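Order as written gives the chain letters A, B, C, D, E, F, G and H; numbering starts at 1 within each chain.
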């Protein structure tokens, strides 16, 4: 149950285990599972409750399978959010 | 009968009458004939006895049909003479 | 059996804003690219940009053969798949016929800088009003890792088994520099997608280029993205990105090469 | 009926030296070029150079289609006639197989800078050890005067009836500048043959380039010769040369663009 | 009545294209077809009409691919070496089912060859050409009038079948002037709305349109091929065009297309004057080929003589049609040489006598 | 005895080329033939041997033109779309009479198609392809062993006739491994001195050698063509190669080349087990085609079934050979699909029954 | 009726438009016509020619190798085509462009100084119309009136003011031929 | 005798060389063989496979759609090929790579943890040889000795020192199959 200001949800069945998100997380909050998904890939997951919702992992993820949430209420944005 | 220090001989049957040699002669010694050659071209000729043998006309002549002679004896050169 | 999540769970998602999600214009299809391949990111970025600018209905993309040959499976817009090397000629045909549409090509280094060199140079020389995306991974990814014109000196590929050698194979071709010096290019930049920040910058370049085209700007916008090919390079994705930063960017320096001209009608 | 001379006659020819004559390597065949065409001069100059360097027996020339397609009628050396645009690829094939021969290509602007752009760029990029002669008359002479990539703005040709217009036709392509910036070129110069002095300079550039190749120098020597096309331009030869000096050279500035590197083994 | 104008074949073709609603032309100069470019550079003007001189034939055919993919009437033209360079692109266009008009003003080959008229590209046009199983619908005009007429037919057929159409002509027909009358033709009445498949920007209410020729799975690629073959079959059933001259009572049949057919016609007259009952069949479409008509005529003639400006190409299609029913002879000139009427007449006499001998034997 | 080695078809072909004295290779990557490049990039090394990856297939074929013009053994290889791009260059090479080896490892077309094996480029190889009247001498291997063997044959024939030779194979034969034995072959014993015509630098005692395909005068160009046609005639007389299997007592004949012939062979076995007397003729050269042999067999069989991995291309040459003597049927799969033995067997049964019915009727 | 003619000379001499005017005039008169230029690298060397066939019946081959009439405007053209004239045919040439006059027999030969006449009309370019007038005097294939109508089609409208001049030239050409028949 | 087998998995798992070793060994034993890889854009997605035909008679089609034995080294391969096994055929798979085990019947199924065993041998890459040992235990197409001889050809000489390790892996693979037959 997260206490941090952000959160991510990964569509792990589509993860290819490239680990780029893990490298890119400034909080070092992510890790690669020792389990595999249906395609035989070890997948990434949020391992520590320190996510800030910075979107780095989502931006680098080649499979575009990371949803990022952030606590601090902002005005509702149309999808997808500009990263400019 | 030339008195000047140079002379040219043009293969006039091959001349195409482009007049480039005439323009290029620093002595203004050349002219275009009012006669035509076997191909129907008015041809160039040395009109005034003021040729210095500078080779300009020969160098510019697209048809490469101008032989240039120069009076002042130089050591015998192999053909063709370097224009460098 | 289906695992859906692992690790930290959050009960307060409804108190949070969804701040990043896959764009709608980027279909749900699983990408065929190898794990960690930059193509995936770049495919997505151009669709993000199209969507944000609300031009899905007037954008036509052109991707030739190369690893990105299936791009039309992911990009939810009208697209043409071009013969190897001819994307910019195809894009020219489209843009000339439909000048008010937004047209981009998406080409690899084998495509744009080898077989398609003439089309590339002349598309730029004519100053076609299109965006050209140039994905330079220094290799023929699709066909199994042969040397490309942009492969760096010493690199071992399946057709340069002893490494690229200037005497035998020639020099890495800096086609982007050539394009930048041509009057037909409006904007020329070299970017990458090896980090989140690089991704942000690349997207910015795409947005700028598309807006310029929307506003009737004249000339080719050209974005080179120096990217990886983990499979062709025989590296892990992480290694490949490090290789980019430690070796490749030294040769292919990132950054804007030719600034976008200000449009008289409309400042972007 | 045959007239043999007119004007001044000279009785003392035997007291004079023959200081200029048609070179032996340049056959006696009447040239098919139009009156005043620069091709004729350039054809001769390369043969003069080959002869002076005594390399008739090891030189192989390549001329593609274009007005100079019959160059092999005039050049008394082994030659190959190449498909349109492919002279530098053909020359590459020859030079790679016979690396100790001297190889040159002789190409027009349509050939080298339009259809053959890819071959041109990549021959230079590989740094082939050949001499490329680029006869830029800004038009497709052979096919009757269509616009070429190097045609200047405003010029009327048979396919740009209202003059070349940047928006429709693009910009005059400065391929020589592109080549100069590539590491595969050893020497890049832009010359002309519109005056006797220009002819001298062009020949000097040819001699330098051939010597460099003879001495095993690496990389392409590239000589652009900005030339005329009286027929295509619809001018007299004299007018065409004036046009060169008054208009064309302003855009295509003459002179060396990239100096020949000094060879370590042998100073030229 | 529409006016008779004296025009070059190449220009009549170009003018007809404009009148047929041409939206885009992409081409590259080459003799003997450069007049098509030159004419269009002057006259294909005005809003939404594009004339573009490409950097090469390869670029031109791929521009046509892109432009045809937008569903507009577009074309290119070239001559033999340039047509060879287009083969990859044409294979793509055929596979992607893009309607467009191609023109090959043939000259004598192989290689650089001559610029004189030839029919040496028959095989390339009708059989081989690019890789894979595809066909072009091929029209072969024999006059300046048909140079124009077949442009309208060509665009209409291209639209109808979503297929590239080729006008196979030659340097003589392209360069010569003859009187021509342009028929009334309002492109709007022939307009085919291609927006169902063309890439013009994905409107809200449909999925993306994709122009592609790729099918990594062989099974899917076979389906594409089956679809193409079905289309070609329907073309064979509906689009055959040919002309017959004095075939009713003929016991000797000439077959020739394009320019050659005019010379054969002259030879026919010479033969008829000498009481040899010669008829002439002229295919106006080369694919589809008038196989049926030839097979039927073959039943009634003692021999067939095919005349071409090549080493013998269409004669194979004639033989396939005849299938042994009667002897098939061939007379051809190559490399840009045009056969003269008397040569053909001589050949008719030779064959006629030997074949009637055969028969009486 | 020479050793048996397990090798890929593409690699066996490349290795054979090296052993045949290959001096220069110029090519461009494309699946399913890239192994030829890759193998040669590793093994075609050492003094005076050139491996060069060109910037395109167009450049590659023109490098071959230049290199072959120097009189050395040179080659290129590609797959279908790349072969289309080479057509202009090939027409030039044929016209300039330059000996060289071309390889097309065919994949399913048209367009980008699949990368699976196909025989869809038969027409392109044998009839059309580039512009003008020329022919390639075309070998069609059906095993990895022949992928090697035909390289030697190919270079020898190219040298002998001064003509480009094509090995037409497919993705399956290129990619698969089978045992192969390399014959003893010393290129020096096969060496043809080409210096009489090749451009290697004009020695003092001769006039310049010129490689050209240009003849502005149609008459001269026709002479070139007559010379080429005479050469092709001599090739047709001397170079036909084919294999027959159980044709002696056959009353039903299969005709297939390359990979398909192996599957047809299997179907033949199935038919023979069921007492249908099937024979198989396999052309090993596609030009020259075994016309004579087929015509003779056609006299004795009730029907012929041609099997191809295309929409029906070689079957036209079969029909031309048969000339109506017996019915000719066709079975084909397209776009990269390989027919299975039982499909063919089924087709044999269908045709066999209908044709024997026909005959008994 | 069938008449086959070739007109040959330098590029700038108006060879092609001379032929075109003739063909157009014949078309106006309801005849079948074809006009075929030499084509291709005609620029180089600067020579050009066109042949015209005028016939009452449909025309088969538009390319012909023998002619009823050859019009030679320069020496190379004369050298090239004089042998291709049919027995009983005609050769018309521009006298001042020719230094080696024709030697063949079995045909009628007409040499005229058309350029000089055109210069007199103060338009050197009208030389081709002088020649065309001469053609019509040799063989009245079409009327001068039809040529004038044809010129309205062949000339761009900015040159229509030259038609009266061209008429003069045509008539002059006809006149130059009269002495030959006078003999 | 004829045996048709496909080996499929990720690119890095040694799929192609495993098949090649088997084919080479069969050739050494005098059999007819063919080996056919999946080819083309196999890089993308990272899957690879090859099929091997071993026969006492010449081999017709080298491309086959049904198999006597499928070796699946990952889940997608298992999903793709399990339906192409002939009745009475075999399926061998790497247990730890599979989360959805096979469900088909009419065939014999063997799941083994080859990677774990290879790790025990301190060379994860030897996994493919463990699998190959298992294949030979299921159907003794060739002898282990022939495989070892084949490895001398298939492996570049710089890797020949690994042959003893591979031998261990092969034997280990054979052992892992024994319990299945023990049942």
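Assume contacts are C-beta pairs under 8 Å (C-beta built on N, C-alpha and C of every residue); 3 or more make two chains touch, one makes a residue touch a chain.
In this text the structure is predicted, and so the values were computed from the model without any measurement.
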Quickly list, by label, the chains bordering both chain B and chain C.
D
Following contacts chain by chain, what is the lowest number of steps it takes to reach chain H starting at chain A?
1
Out of curiosity, which chains are bumping into both chain E and chain F?
C, D
Name the two chains that are joined by the greatest number of C-beta pairs in contact.
E-F
Centroid from C-alpha atoms only, then distance chain C to chain G, rounded to Å. What do you get?
63
Whole-Å distance, C-alpha centre of chain C to that of chain H, is 39
Whole-Å distance, chain A centre to chain D centre, using C-alpha means?
62
By residue number and range, which residues of chain H touch two or more other chains?
40-41, 99-100
Which chain B residues sit where two or more other chains touch them?
37-38
Hunt down the residues of chain F that sit against at least two other chains at once, touch-wise.
31, 52, 55-56, 58, 81, 88, 92, 111-112, 115, 212-214, 216, 338
Contact footprint of chain B on chain D as seen in their complex:
2-13, 15-24, 26, 30-31, 33-41, 44, 48, 51-52, 193, 195-196, 199-200, 203-204, 207, 230, 236-238, 241
Listed in rising order, the residues of chain E that touch chain G in the complex are 4-6, 31-32, 115, 117, 171-172, 175-179, 259, 262-263, 265-266, 338, 340-341
Within the complex, which stretch of chain F touches chain C?
28-31, 34, 37-38, 41-42, 52-53, 55-58, 81, 111-112
List the residues on chain C that touch chain E in their complex, please.
56-60, 62, 65, 69-70, 72, 75-83, 86, 89-94, 96-98, 101, 118-119, 121-122
Contact set on chain H toward chain A in their complex:
10, 74-76, 97-100
